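Contents: one structure, followed by commentary.
A, B, C, D and E label the chains in the order they appear, each numbered from 1.
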Amino acid sequence: MTSALKTEYLTINMGPQHPSTHGVIRFILKTDGEIIYECDPDVGYLHRGIEKIAESVTWQGFVPYTDRVDYVCAMNSNLSYCMAVEKLMGMETEIPKRAEYIRVIVSELNRISSHAVAIGAADMDMGAFTPFVHFLREREHINDLLEMACGARLTYNYICIGGVHNDLPPAFLSKTAEFLDHFEIVVEQINRLISYNQIFIKRFANVAVVPPKMAIDYNLVGPNLRGSGIKFDVRKDKPYSVYSDLDFDIPIGSGRAGTLGDCYDRYMVRVEEIRESIKIIRQCLKQIPAGETKAIVKSTIKPPKGHVYFRTETPRGDTGYFLYSDGKTSPTRLKIRTGSFTGMSIIPEIARGVFIADLVAIIGSLDIVAPELDR
Amino acid sequence: MKTLYNKFESDNIVLTSLDHLVNLARANSMWYLLFSTACCGIELMQTGGPRGDLERFGSAPRAVPRTADLMLVAGTITLKMAERVKILYEQMAEPRYVISMGSCANSGGLFQSAYSVLDGVDRVIPVDIYLPGCPPRPEALLSALIDLQKKVKKEPYFRKKK
Amino acid sequence: MNILQIFEQIKQNTDAVVSFQEDEGPTPSIYVRSDSVLSVMTYLKEEEALDFNVLMNHTGFHETESSKLFWHLFFDVSQDESEDHHHEEIRLFWHLYSYKVEHRVTIESSVPIGKAQMDSVVSLWKSANWLEREVYDLLGVTYPGHPDLRRIMLPPDWEGHPLRKDYVAPTSYHGIDNSPSALTKSFEPKGKSK
Amino acid sequence: MGAYFQNIKDGFTTAFEGMSISFATMFVRKETVQYPEVDISSNATIAEKYKGSLMGMPENYRGILDVDLSLCTACQICQKACPIDCIVIDNIKCDKTKLSDGDGSPVLNRFTQKEALKTRTVTRFDINAAKCMYCGLCEKACPTSAIRHTNQFEMNRESQEELILRFVSDDVKATAEKRASEIEAEAAAKKAAKAKKAQEEKAKEKGAEE
Amino acid sequence: MDATLISIGLDPLTAKITSMVIISVIVLLAFVTIGGILTLVERRISGFMQSRLGPNRVGPQGALQWVADGVKLILKEDLIPEGADRKLFRIAPYFCLVGIFGTMVVFPWGKGVIVADLNVGLFYFISITALVVFGVLMAGWSSNNKWSLLGGMRAAAQIVSYEIPVGMSLLVPILISGTLSMGGIMASQGWLPWEWMVFKSPFAVLSFIIFFIGSLAEANRTPFDLPEAESELVSGYCTEYSGFRYAVFFLSEWANLFVLGGLTTSVFLGGGNLPGALEGFTILSVLVYLAKVAVVIFVVIWLRWTLPRFRIDQLMSLSWKYLLPGAFIAFLGQAAYMLLTQHTPIVQSIIAVLMFLVFVFVLIRFGLKVRVSINEQRIPVNSPASNVS
């Protein structure tokens, strides 16, 4: 009904400091009352110029920076950077088997804690604070395990070029197995608390539907892509490290509580990926061989001239490292293409005609992390 | 109660004990502003979690600078964000404190050489306590809160600041 | 199909000037002349057998070593007005992948730094929108076909493009002084130039 | 119409389920480690108090850095290893001594397994804890493991300057410099003596030739 | 109360006034302290539900935490944003306060312990809580902030559209007890659980559920706390408030919780009735009454820390499509039920006992579910056997 009344759009500033934008992202919303007419994300509030710093830091000196690129799953970004450098130096086959298995165990543990934060933050945005705190409690156990392995809680700097810095302490394997048995039951319990809750399902289902074609066009990756029904996982389709001799399957969205590719599908893909990660770690704990944990690498690393683009599956999709080396001790160009960057680029398209409360749900379901976005 | 803040000259027994009582109340309900930019934000959430419970000290997270009286700068402050930090600080109601958490807020940390990162948040807002660590442990954050509480308990509220 | 067959296909079906770069490390790439990038890209996307339906990554960097400059091989430099540093270039990379055929290709091109202009591929892949905005923001390459080309990472009123080799970081921004303090200077080692 | 009642039924059953879980959490042991009272740096107290469900700080926790100057050979490898230049070392010549730790056994270079030789002494060893990112690269690079991460994490300061760890006090620096000048004086004297001896021989040879 | 004063020799008029003043001061202080204590109770319970300890540093086990919060809030600088409409900005919190503290007049504290037992008690109760809408709208509009404007709009829409189901569902107890006065309603219920108004008939149970959900929405408690939704609207209508004015909003929100508990127990759960023998002890009846209020408040807090939040359109559809028809059915059903069984009180008491048994059955199933989740959480992690490190 075209009303004669001339109405104007309210421009709201969902500012850099907002409880539900994870980190510092600002949305300039043109809203008609509660319904968003146009949403323009303004990113870059955490742009720390990592790629410019990379040009003046040595190859092995850059590893601590990869922790800060994606601090929720620091171990996975360590892994993808170190494997990219190893591919550039052509030494993938020299990494000892035990180091490969330790790398997989530790990064899958980190994937569980990253998905825990992603799911917990999505629940917190919907107003349920308790599941988030339950996930924090379980995450504390994972922090203990990883701290036991490498000495730091969040920024590990544990995986280095050629393997891992030090071997796992003897009690690590039995404690991880014990933790997994406990965590498997508690995750089901938290899901009963929130993921299958009717109010929660109503808030997440049929919101911001991303059809498969649009997901590919915007190059969504990881759980966001699999939420739209496309079965693609770098660990399965382009296996690296020891993933080829581990069997696990890839959960994809199937329109459980609404249409295919809505927020609830992306959310449930993460919930099921936790179960897959538990399966992977259990297999690794059984198959881990004894032996060296670090290949012999010269102290000053000088990769041969050339460039490489290497992808690994981090919790937020396949993080790709583009390295261009001129044979010097520091990279000429280093570009990190992360999952949140493309996840964020789709928001202006799917946030049209949606409630403000739903924009919060979209951010939660796309699992955006500010530093990965701005680097 | 802006009218009574730092107004009285003399240091007699009534004012000092009144100050002590009031400071005890202020120290034990330090509501912190939900302002986490980077990795220290995750440790801030972890401190709010069950293990190192921040709520034990009476400090609850607040989404709005108006009702918060402690700004926990957790994470890297880029130049684009620096103006917002200044605006947020000015929006907070008067007796306000700042804890600079982590190396990035202390001195720009490992991004000090970057073109877009502010070398330490003390260039934009006055900082009360610098907490080293990258990111600091939850218990380190609790020790910073306890130090801040000690500092607040010694402050003059009704008497004039020396 | 591997990158050599793709290179042959491009050579036959499009009249773009391409050359094969394989001496540079593990992943060979196809160099395309800067003005025929769009035609090659449309071919790669539309062609049934190739069907590159996703642009994984688009980056670039400022190349100063004269041994690596390609632009002048295809365009005669003389008719250009002689800018002083036109012998420097910005090299651009595109990484394409296809979910159906499951193969990938790296396309490479370069533009002189004086006339840094490259036609945009947003019409083919929507993910190029933000990737090109970032290359514009950090390297200063303008994309004429782009819907709204503005800075993505840095504030709108920031001068200069940081990822260029000759970039000097500003010491203050909007009145906030960001010059290194005496403390930071005391920690800088003698030899290393910052 | 069915969906209408299905909605109501689902609403109540799932809410009922959720409430039973949050009610149950009230009766399970709390996981809060009361920080100021409980000493978290020792693994034993935490393991015993929380029956193994929580772990204290491991031995290899990367806390504030500490340098044992008796082991430091002033080789500045840690200064080069640090990606962000948090460590500054000035050193001057000193007399050659073999390093030996507390109980007299010689300290070996971890990588080359040779005995660590101290030819220079440190006059300034500053670590900028306000900038350090606790990545442990210096600790891994140091040949005699003089620089280590301790379990210490409580170091709140009121200003940025106080966060600089200075390991060489002024008087140690003064004695080192005095010793260095003495060594130079001896070396100069020796060189002068050698030069004079060489002159005499030359003069003797010239004498012999005539 | 005024009889004792006359005996001291004051003339009746001043005695009446002084007694009114004394009573109102006592009840005001009681409301403020209970409002404050509830903030502490909520933080402790929410801590226990999240397997962590709530505030336990101020006073024994954190007992004086609310005093610290109150004193700090009073001492904060209260800012008025320069673009704000100053008069409205200052008045708004007091509208909310009056809206909630106005209910003290008819607020029963036990059998016979009531400030003024108006014969239109319940009607007065419902109408005065409507003042809160004014306060919230004024706060939202006057603080010149887009977020609070949205918060204000949402609050107005929510409270207005939930007033109707709450009003309708209260008709059933009025039908059963026949009077509007709070004392009368309480008198019509016995002290045994199946004599409570809730279990009188299936339609009474339905009306209790609708009343409880509706009054949750009116008190802005989760899952309906949209007006001050932390994660969406920053903090809704009280975004720009700080210092003492924020303390007034803060207090009125928790006092509203206490009022909600009081209304539910006195109307539905037979507040303050005692078995025949102990009829005389008013203190005991007040204690029983407060115990029931505590249980209701615990359930409200428990709901807040378990359920997520509705979206604004789901909120509206819940009220208009689900609660309102339910309230009509309950009202008509109860009238028909009374018509049929008015001559056979035995059938009425049988049905009441039946309803109570249904409630007990639900409670037992709930206990089993709780036991299962306790055992799940109790499985030890890293049991000492694996602690060899």
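By our rule, a residue touches a chain if its C-beta (ideal position, glycine included) is under 8 Å from a C-beta of that chain, and two chains touch if they have at least 3 such contacts.
Note that the structure is a prediction, hence the values are computed from the model and not measured.
Ranking C-D and A-D by contacting C-beta pairs places A-D first.
The most central chain, judged by C-alpha centres against the centre of all protein C-alpha atoms, is A. Most remote chain with respect to chain C, judged by CA-atom centres, is E.
If each chain is reduced to the centroid of its CA atoms, chain A and chain C end up 26 Å from each other. A separation of 44 Å divides the Cα centre of chain B from that of chain C. Our note on geometry: chain B versus chain E, Cα centroid distance of 35 Å, whole angstroms. Counting only residues that touch two or more partner chains, chain D has 15, 17-18, 21-22, 25, 30-32, 34, 53-55, 83, 128, 131, 133-134, 160. Looking at chain C, one finds that residues 153-155, 162, 167, 183-184, 194 touch two or more other chains. Residue positions of chain E touching 2 or more other chains: 49-53, 230-231, 234, 305-307, 373, 377, 380-383, 386-387, 389. Every pair of chains meeting the touch criterion is listed here: A-B, A-C, A-D, A-E, B-C, B-D, B-E, C-D, D-E. Chain contact summary for the complex, chain A toward chain C: residues 43-44, 47, 49, 51-52, 56, 87-88, 90, 214, 216-219, 230, 232, 237, 303-309, 311, 320, 322, 324-326, 332-333, 335, 337, 341-342, 344-345, 349, 374-375. If you check the complex, the residues on chain A that touch chain B are 15-19, 23-24, 44-50, 52-53, 56, 64-65, 67-68, 71-72, 117, 133, 136-137, 139-140, 143, 153-155, 370-371. On the side of chain B, the complex with chain A involves touching residues 33-39, 41-43, 45-46, 48-51, 63, 65, 75-76, 78, 80-81, 84, 88, 110-111, 113-117, 134-135, 137. Of all the residues in chain A, the ones that touch chain D in their complex are 57-58, 60-65, 130, 134, 137, 140-141, 144, 147-148, 150-152, 155, 157, 165-166, 169, 189-190, 192-194, 196-199, 299. Residue ranges of chain A in contact with chain E, taken from their complex: 10, 12-13, 18-20, 33-34, 123-130, 133-134, 137, 141, 148, 169-171, 174-175, 177-179, 181-182, 185-186, 189, 193-194, 197, 199-200, 202-203, 355-358, 360.
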